[in-house]
Amino acid sequence: MPAPIIKIDAISKSFGAFKVLDGLSMQVMPGEKLALIGPSGSGKTTILRILMTLERIDAGHIQIEGEQLYHMERNGQLLPADERHLTKMRQKIGMVFQLFNLFPHKSVLDNVTLAPMLTKGTPRAAAEKRAFELLDMVGMADKAKNMPAQLSGGQKQRVAIARALALSPKIMLFDEVTSALDPELVNEVLNVMRRLAAETDMTMLLVTHEMGFAHDFADRVLFFDGGKIVEEGKPDEIFSHPKQERTQSFLKKIIAAGHRV
Amino acid sequence: ATSTGLADDAKLEQLKKQGFARLAIANEPPYTAVAADGKVSGAAPDVAREIFKRLGVPDVVASISEYGAMIPGLQAGRFDVITAGLFMKPERCAAVAYSEPVLCDAEALLVKKGNPKGFKSYEDIAKDETATVGAPGGGTEEKLALNAGVPRDRVIVVPDGQSGLKMVQDGRIDAYSLPVLSINDLMKKANDPNLEVVAPVVGAPVYCDGAAFNKNDTALRDAFDVELAKMKESGDFAKIIEPYGFSAEAAKSTTREKLCSAK
Amino acid sequence: MEWDWDFVWQIMPTLIEGVKITILATVLGSALAAVVGLAIALLRRSENKAVARSVGFAAEFIRGTPLLVQLYFIFYVLPDVGILLPPMVAGTIGLGLHYGTYAAEVYRAGIDNVPRGQWEAAKACNLSARQTWTHVILPQAIPPMIPALANYFIAMFKETPLLSAITVLELMNQAKSVANTYYRYVEPMTLVGAFFLVISLCSVVLLRWLERRYGRVER
Amino acid sequence: MTAWAGYIELILEGAVVTIKLTLMGSVLALVVAFIAGLGRLSRFFAVRALATAYIEFFRGTSIFVQLFWVYFVLPLFGITLTPLQAGVLGLGLNVGAYAAEVVRGAVQSIGKEQYEACTALNLGRWQGMRHVILPQAFLVMLPTFGNNAIELLKATSIVSLISLADLTFQAQVVRSQTGNTMVPFTTILVIYFALAMLITWGIRRLERRLSRGLDGVRA
Amino acid sequence: MPAPIIKIDAISKSFGAFKVLDGLSMQVMPGEKLALIGPSGSGKTTILRILMTLERIDAGHIQIEGEQLYHMERNGQLLPADERHLTKMRQKIGMVFQLFNLFPHKSVLDNVTLAPMLTKGTPRAAAEKRAFELLDMVGMADKAKNMPAQLSGGQKQRVAIARALALSPKIMLFDEVTSALDPELVNEVLNVMRRLAAETDMTMLLVTHEMGFAHDFADRVLFFDGGKIVEEGKPDEIFSHPKQERTQSFLKKIIAAGHRV
């Protein structure tokens, strides 16, 4: 059995007095496609943000490919990570946000080439070649010269996916990438992600309220509530035969609200 | 002047009725001064206070004003009279109605110790192309300097005496010009051994001020003159102004008519 | 007191000299304020709490007290500690410092208005702090600030008459000196008002243009 | 050696004048701001034009010129105001013009959806304004009103121009009587700053009181 | 057969150069529950906003209970409606918005009582009594003293429904009243609306992307595209046997995106 690519070990995180995560542990295997589901406020986003180093943890450890994320080993001692260490670790991870967060003052192409050129020193020509490949994959090559303001939500999100891929991360994080989209635009994004999941061996973590998509996409589903993993398993198990009562009632509510499983 | 005379009498009546007259003063000891308790003194307001008392106006209230704002304020009816060491000169005589002379003084220059540039007159300043002189805006000294040929950009308009003194100390200007007694008062307060007074300025006439009234108030002015003459006669006048350093004789030896027609 | 056109033409050249100085003071003051403002805004974000606090307090103090008194201070009190500034330099520093504290607020708001998502996206793209500032944050923050900054510089223009207190011969001072010479206040003062109004109205047009050009960033 | 006690009293008297001017000026400015600010949003062209003319005129000409006019030129048309009245009028109208734009901006900042909700509930124009829009807009205005009040406080320092014995003026008097520049000016700087802090603090308290339970109203 | 309560006759509406509605006609019977569905931008919201007089029409006529909405009859002539006429007509219509549009500075109770007190002069006591009845119906009576900021989205929307009902309109307009809500909160609002539909004989027009709910709720469904009615009929007909190709493809997209029909 190969070593896990992500190893989360008893991490805790509070916002003020409110403890979102309390001693959470989990592991992700290389190439695994993981869906995180659960009610609002259960801490799903927080986990992704911690992995992307957008939030710090209060306690515990995280290892990416066996290397500490928030700590550095120096002479056998674990010290808090400095900016240089974080920069190194972040190369392995990419993230796509709910609200796209494209750079509004840069064209679609520049959005995709900016990071490779600045962080890896990729020459412009090479960066653009790769950008066109990625834009082509998400079906946005013909809009390369557009500004983000001229795109629809679904188009923006596809560009954001291409941008995150441009750094060739080993792990991709997706946080409700379709929930800000008009219902008809959801599919164009999900199609891109389906293809991505099928074609690469990237490790992917997905937070979503689209149960149907989670079902198709994931190798494994984690159901969160109150910052804890309440239940996990293959999609079929979780969606068709949830064992825990909390999972059942959550799925029932979601279905009643008109979402397909 | 019968009709205006009537109006003027009305003015005095009005002052009597309201119980006070409004003075415009500067903030330039010893001509005018404001004590620590806020009480207005100085030679010019003291004389005016006494005369108004004799005219049946028991009190005066003074507001401090920039020199430049005095005549417009008088014209706009902001004050009843200016008692501020505003020297009589033909143009001013055309703008306001002066009383007979009250305070006379020559001009002086405040310079660094030893008078390094050797100024004796405004002409000396004009000749030295690097020299600058400070003077109150709209004051007599500004005009004297300009008339002596000092170009506009070397006559610095200084808002008040202390600022002028400070600017000489700091070397911002080479000389600061005010009447002799004003400069002496500044010197006394500054008590700075590195300064020196050049007095009187050669070629600058001795000027006298008078109480300045609105052109429409000549009758009030005339009434003021009557009391002023009486006080000059009785020696009360000298008792008021001499402690401040002014000469009563100088005021008696000249007249408004002379000063207003001088060129 | 009636209006005298001959007098107007007679004093016009003197007033125009004053206008030149007024505009020069505004331009120099604005340039200084733009720089001082950025410095204050960045220092207030400093990691070093002591620096951030004291700069913050100093800025608050300058913003809460009258420019006139500050000018007196710079011009008449600083020489006591050996700093002797020519009037125009003292005036420029006064204007620049005073309006720099306003500009700092504009910078701060501009930076704060860049959505948090942009900082996070920059991090997810693994940009360094410097790269984030120069490639992501400032290009978005600065254009919307331009109208607000321009607004303050126009306000500064209208406060230049204060410089007359420290013997700068700007428009108001020239007008006063003209008025004192001829004992006529109505014409010079009205002309000063007219000058200000004309320049302000022109600058309103400029402002509207700046607002259209830079006011809105499309997201 | 110097009778500082007496001079301090003089400066405190100046402080009273400054406070009076600030309070009365602020009240006038507030009233004028609402009239002109709402006037500028009126349906009627004439009202809009009048309000716009007032606002642009007073923002366009310098406060110095305005004060001077009120004090020295109005009497030539037969309107004589006491220095205090002239000061209050000049400052109030000037700051009122700026505050009017604050009123307008705040009213316009209230989202279109609030107006639509009013229409859907069949509220009349004035009813909607009075009960729905203005109470929300007022909260938006408050912080800027605080800044306007501080601007007004600082602007009082120039009323010495019209022989009002405010703080700055008394400091000048003390300076010329004692020959000391540093002490009076430092004193009044501190007093001005304390007054400005007082305004800031008061506005914050008011803001907190009015916005209780209202988080999310302001963007 | 009774007269229609709403009669829309060849109305047109443009935004700038873009013609949203072009000669649209339709009728609604008293008490009818109508669902308007269709792709984004097809003009559904615009119709509701026109009925609520939030937008003006460019051409055509609308009659509410036989009375002209945008026109006044004066001496046999049709003049454009003035504010007084509109005020009178608006009494018959209420609207609930996608983003609730509660008054944030007023308590829940005051939100509901404001309009009756101001527009009808209802005394406070009577207005509050009625408000409590309505809040009770939407299950919000215990939150009457709360401020809107203290409510969840679903609770806000239920208050907004009570507020609109307080004026006892004959016609209620609902514009995507659940699309801004978290999936779990959708149901509490839909339940209120189901009850409302069952218990009153109010005429209701509903714009929604929740096909399942539209199916249960409506007597008749109108499918819009490009500002035109493409197809209409009973819910079963439209959802199960759509005749038009455009309707079919729209429903297919919606289903693919995870919405239940």
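General observations
By written order: A, B, C, D and E. Residues from 1 in each chain.
Going forward, a contact is a pair of C-beta atoms (placed from the backbone, for glycine too) under 8 Å apart; a residue touches a chain by one contact, two chains touch by 3 or more.
No experiment lies behind these values; they were computed from the predicted model shown.
Common neighbours of chain A and chain C (chains touching each): not present. With steps allowed only between chains in touch, the distance from chain A over to chain B comes to 2. Most remote from chain A, judged by the distance between CA-atom centroids, is B.
Of all chain pairs, the one linked by the most C-beta contacts is C-D.
Centre-to-centre separation of chain A and chain D, using mean CA positions: 52 Å.
Between chain C and chain D the centroid-to-centroid distance comes to 20 Å (mean Cα coordinates, whole Å). Centre to centre, using the average C-alpha position, chain B and chain C are separated by 39 Å. For chain C, the set of residues touching two or more other chains reads 1, 76, 185. Under the contact definition stated at the top, the residues of chain B that touch 2 or more other chains are 72, 75, 166. Per the contact rule defined earlier, chains pair up in contact as A-C, A-E, B-C, B-D, C-D, D-E. Only residues 115, 117-118, 120-121, 123-129, 131, 135-136, 139-140, 217-219 of chain C touch chain A when the two sit together in their complex. Contacts from chain A toward chain C in the complex involve residues 52-54, 83, 87, 90-91, 93-95, 97, 99, 101-105, 114-115, 118-119, 147-149, 163-164, 167.
Contacts from chain D toward chain B in the complex involve residues 3, 5-7, 9-10, 13, 71-73, 75-76, 80, 83, 161-163, 165, 169, 172-173, 175-179, 181. Of all the residues in chain C, the ones that touch chain B in their complex are 1, 76, 79, 84, 86-87, 164-165, 167, 169, 173, 176-177, 179-181, 183, 185. Chain C meets chain D in the complex at residues 1, 61, 63-70, 72-73, 76-77, 80, 158-159, 161-162, 172, 185-186, 189-190, 192-193, 196-197, 200-201, 204.
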